[in-house]
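Pasting the structures in now, so scroll down.
Common to both upcoming complexes is chain A, partnered first by chain B, then by chain C.
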Partner chain A sequence: MRHRRRTWIPGLLLISPSLILLAVFVYGLIGWTVNLSLQDRHNARPAKGYVGLDNYTKLFTSDINDRFVHSLKNLVVFTLVFMVGTIVLGLIWALLLERRAKAEGFWRTIYLFPMAVSFVASGVVWRWLMNTGQGDSAGGINAIFHGLGLSFLESPWWTDPDWGMAAMAVPAIWQLSGYVMALFLAGFRGIPEELREAAVVDGATTFQLYRQVLFPQLTPTILSALIITGHMSMKMFDLIMSVSGAQWLTEVPAVYVWQTLLTRDYAKAAAISVFLLLIVAVVVVPYLIHVNRSEKRS
Partner chain B sequence: MRLSRRVAAVAVAFGTMFATVACSSSEEPGEGSKKVEVFTWWADGGEKAGLDGLVGVFKTDCAGFEFLNGAVAGGAGSNAKQVLASRLQQNDPPDTFQAHAGAELSDYINDDQLEDLSAQYTEWGLTNAFPKGLIDNLTVDGKIYSVPANIHRANVLWSNKTVLAKAGITKDATTLDGFFADLDKLKASGVAAPLALGKDWTQQMLFEALLISKLGPEKFNGLWNGTTSWTGADITDAITTYKRLLTYTNKDRDTFDWTDAEKLLMDGKAAYQLMGDWEAADLDAKGFKDYGWSVFPGNGNTFQWLADSFVLPKGAKNADGTKCWLKTVGSATGQAAFNQKKGSIPARTDVGTDGFPAYQQAAMADWKTATQVPSCPHGSACAQTWQGAVGSAQGKFSSDGDVAALQKALASAAAEFGPKK
Partner chain C sequence: MSTETVAAAPAATAPPRGAPAPRQGRPRPVARTLRYGLLVLFVLIVLMPLYVLVVTSFKSGREIGVNGQWNLPETWTFASWAKAWSALGPSFGRTFELAIPVALISSLIGAANGFVLSRWRFPGADVVFTLILFGMFIPYQAVMIPLREVVLWLGIAPGIPTLIFVHTVYGIPICTLIFRNYYATIIPEELIEAAQMDGAGLLRTFRSLILPVSIPGFVVTVIWQFTSSWNDYLFAIFLSNNRNGPITIALNALAGAQSPDYAAAMAGALITSLPTLLVYVLLGRWFIGGLMAGSVKS
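Here is the complex of A and B:
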């Protein structure tokens, strides 16, 4: 009995700093934010009282210009383009390298390297690359098109009112595709060599080998890639701030939180934050449960 | 065994770290009630130089007190505003803090956080030293809560003289029609986008200048105090004209800050830019001499002002010291020392123009005789929540040009954040 107590005390001691940190700075502050989002604190003054879910419903019913819905729409466009883009590019690169390409390590580094750059730094560069000037005042990529006589390819990039957010996803795709490639590559390498050999012995073509044998084994990898890119994209803030700054055209919920916070509408900022947390949780929590279960099974 | 000892050591180290964090507290000002903590976001550049000038005057005028610099740098004041909000919440106000004069103070006033300074205005003779229009804009329910240190003008149209000369424009337009005619001339002379413009808040500045021309100063003032309706046909007309004006501006305006638009003007790619008069100091600093200025066409002698001001918070530890600081801020010597360095003009009308650059001398002359109106993006006309909503609405209009939607958004913003009737 005594012996057993001794074994768990150091363990508890070891994790207690992080437990305390998490309790205070993550769960404590989430609780604080939820509490704030239920009050009517819309300026520097203290709240007068609780208003229930008003701050949440108002986001959808009476936000000027439907600003919040617009920011959600931007987020959906961004997320879809970003996720599809990274997964398609990542898969293509992984397939190329998986075919035992020469100097694989070199190419892997090249593709993976953009991930090492911070969103802020790449945002500043892409802001210049995606310069929206056209014709004689073109800059960045538009200037290249203009110089090559391909003026019809010049684009307003992120300033396009409908599809601007798709352009905004380009730098993010550039940064994260290499990471997704690494995930897929690890997935391919995790498939036992015997399976391939067996398929080849059975006379499967290369296409059949991938379609029937290898891809089905990659489902967990694709799921991980979707979850990781998806939750990154939903919280996207730094890239957008450094490419366009905070403004209507490219506003997503995270930027909207920042804007309302700066104008001291604390309750509204809290409500948007909690909403954002919830939609991320809807995606991430089932995944965590799934991972947990499959770990237990194995 | 060795491992668990190491673990314990780590745990202890963490614990100590926490304790240190918890115990270290901020330096307490106001000791012996001689120090006056002045909270600003003037931490560098011309603003810091201006503050230093003011402190110099304070040292001689208020020899019994000591200046304590409470400046919080960064983010154009946004960092400082966050720090200030939490300090006010904890009932630990600085002895005085910087804030845009006018409506931006309404949050603090409504929360009963500021002392009324009307008596001091009479005592220090500020009531007569400031123009009546400014006093009217500052007065809330018969009381005044702040002392402006400086004045900037928002409705100034800057121009590139060479580009204008090339298009054969020799005189500044004084009406909107004249302005449109000049813009057409410039287009004909090969300047594709003669009016340089930046993103949302700069668009709101341009729109307000146009509103002043369309409505006149009295009705314009009414937009912010609730006596003029945002839903009227005159506003629709103004927005339609504004939409036409946007066709003369650079298409990539939403990607520009005001300094990017300023560069178009300097490079001769644009002829005009509407911007506040901090542009004069900036153009001078960048060594560009070929600029001209006029009030926005049709604004007449309307002076759209914005100002930095200081207040006396309730519960300030050293109220006497703060009053002495405020007296210095409002004094002719204090205003001269501050504004010559910051590149703005004194709010007082009785400060000599000696030592001020050319633009400021002209602005000081205008200030005496002009009709004062406030500005929304700069806090003199509306509080911060209102500013945010208006800036976002302008950003949307810049991309979709939906006149009805802009008017509706502006009206809803006024209803939601404006003065309640």
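Here is the complex of A and C:
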């Protein structure tokens, strides 16, 4: 015991600079932002005092045009389409590749490459692809639909007031489905071969094999995929700024923070940020605790 | 992608190849055709934006915005590439000055932390680790407002030096995670115990025994940090401008106008993406390893 006691001290010293940096720049600054969100600093001048949770309640009760609620609704639509899209597409790709497809590396490389591109760069091309012109002035994808005589498929894309955010999720799905595919592939490969063999010996059809044997084994993978895509979605900023720029139709909280800072309403920007952080924390913290526990068990 | 997420042991990066699969009966020709047909179809869809980028970037102004948007250029011209380069050139170099130090410094810090956390048990190690991990999930908006003031107060020069500092700090969680998972798989407990018996100090053990076997971990974190600081837009827009910032800012300035010059914008998007795409193509195996780290569990 005495021996152990001595051995962990140098280790702690080695990681202490990182711990201090993270304590200050993650937790300290979050504390600072929370503190700011409780004050009345709505312009460049210093705050006069604390206002309790006013900045938060005002977001829901007296924001002009219900702007914050509007941005939350946009975020919900975006998140749902983005998560379902990446997980469905990622799973399909993984299923297509999972059983020794020929030239697997080739397909995998192509499906994953959008991940290496920045949202800002991909926004440039998706803005062009999702050209809102229709009929004779159709451009981008609409032009293809128009040319193929499928005009009913032409879409106003992200400028649609109700479903625009679903279109905004399309580029994000393009970029991250390959990532989810890679997660699923790793998940499939982590399943012991004996499980499959046993099921096949028992006369399971391919469908039964996947449905009853393999998919249940993928629960941790799906959980990871949900957490990763979900928290990325909450932070989505670059893509939206690049495709549409900051504007009402496609505003999400992350963009709203930026817009609010431009007007120097620091306390309000802080309140929106903290709200965003809380949404992420509610999901991520239990996940991290869960992972920690299951790691210890194994 | 400001996507501060990764996390598996590099060992698990290239999806491990299972033992030779037992034949689940010969695949029927119909299923085979369907499978490869789908794979090809998805490849075409995924590559479509890349086709548009390349084709449009070589068109002359006359050919853009008219019929035949999807066609190959009638006359190939480098004019838009020249225009894009003159807009992006200065920031292109600056972004290397940003991404390379970030990649190296945060990897080194991550290695030291991962080494300690994988083998040195100190009281509360799990809690500390969870607190570190949470740092990679936070929406950075929640620290952004005070962050500007703090880096100013610290006297760090604006632009690239500030961004180097910030990306390094917020890269600590992911790099620590990658190295912890990596070391947990490759370093036998006995090795460290033996080193302690020898009386070899912690730092000496790290330098002489651990660092030499850490190359695979470094490849993953270097690629990850290089890519995410290269592709970042959020920190860049908060902490720099077009005169001292990275390439994503310059690209957004080039492409973000109301009616952008699409040929130049797309050439710019390609220039912006070339370094990360090159890294991806050359080092794809390890790149995927970085991605896996996002799933937290090894």
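The working rule: the second predicted complex is superposed on the first by the 287 of 298 C-alpha atoms of A that agree within 3 Å, B and C clash if a C-alpha of one lies under 4 Å from a C-alpha of the other, contacts with A are read in each partner's own complex, and residues count from 1 in each chain.
Operating definition for what follows: a residue touches a chain if its C-beta (ideal position, glycine included) is under 8 Å from a C-beta of that chain, and two chains touch if they have at least 3 such contacts.
Because the structure is a prediction, the values reported are computed rather than measured.
In the superposed model, A:W107 makes contact with chain C only, not with chain B. Once chain A of one complex is fitted onto chain A of the other, the partner contacts of A:P10 extend to both chain B and chain C.
By the touch criterion defined above, A:L91 reaches neither chain B nor chain C.
Once the two complexes are laid over each other on the shared chain, residue contacts for A:T263 go to chain B alone; chain C is not touched.
More residues of chain A lie in contact with C than with the other chain of the pair chain B and chain C.
Of the two partner chains placed by superposition, only chain C is touched by A:W128; chain B is not.
In the overlay built on the shared chain, the residue A:I173 is in contact with neither chain B nor chain C. Of the two partner chains placed around the shared chain by superposition, chain C is the only one that A:F25 touches, whereas chain B remains out of contact. Touch criterion met: A:L249 reaches chain B, while chain C stays clear of it. Of the two partner chains, chain C is the only one touched by A:V285; chain B is not. Judged by the document's definition of touching, chain A residues 10, 14, 17, 245 lie at the interface with chain B and also at the interface with chain C.
By the touch rule above, chain C contacts chain A in their complex via residues 1-3, 5, 8, 12, 15-19, 21-22, 24, 35-36, 38-39, 42-43, 46-49, 52-53, 56, 65, 69-70, 109, 112-113, 115-117, 120-123, 126, 128-135, 137-147, 150, 169-170, 172-173, 176, 196, 201-203, 206, 227, 230-234, 237, 248, 251-252, 255-256, 260, 262, 265-266, 268-270, 272-273, 276-277, 279-281, 284, 287-288, 291-292, 294-297. Considering their complex, residues 4, 7-8, 10-11, 14-15, 18, 78, 81, 85, 88-89, 107-108, 110-111, 199-200, 251-252, 254-255, 257, 269, 383-385, 387-389, 392-393, 395-396, 398-400, 405, 409, 412-413, 416 of chain B touch chain A. Within the complex formed with chain B, the residues of chain A that make contact are 10, 13-14, 16-17, 20, 42-46, 62, 64-65, 67, 70, 131-134, 137, 156, 159, 161, 244-245, 247-249, 251, 259-260, 262-265. Looking at the complex, you find that chain A touches chain C at residues 4, 7-12, 14-15, 17-19, 21-22, 25-27, 29-30, 32-33, 36, 92-93, 96-97, 99-102, 107-129, 139-140, 143-144, 174-175, 178-179, 182-183, 185-186, 189-190, 193, 196-197, 200, 206, 209, 220-221, 224-225, 227-228, 231-232, 234-235, 237-238, 241-242, 245, 253-254, 257-258, 261, 266, 269-270, 272-274, 276-277, 280-281, 284-285, 287-289, 291-292, 294-296.
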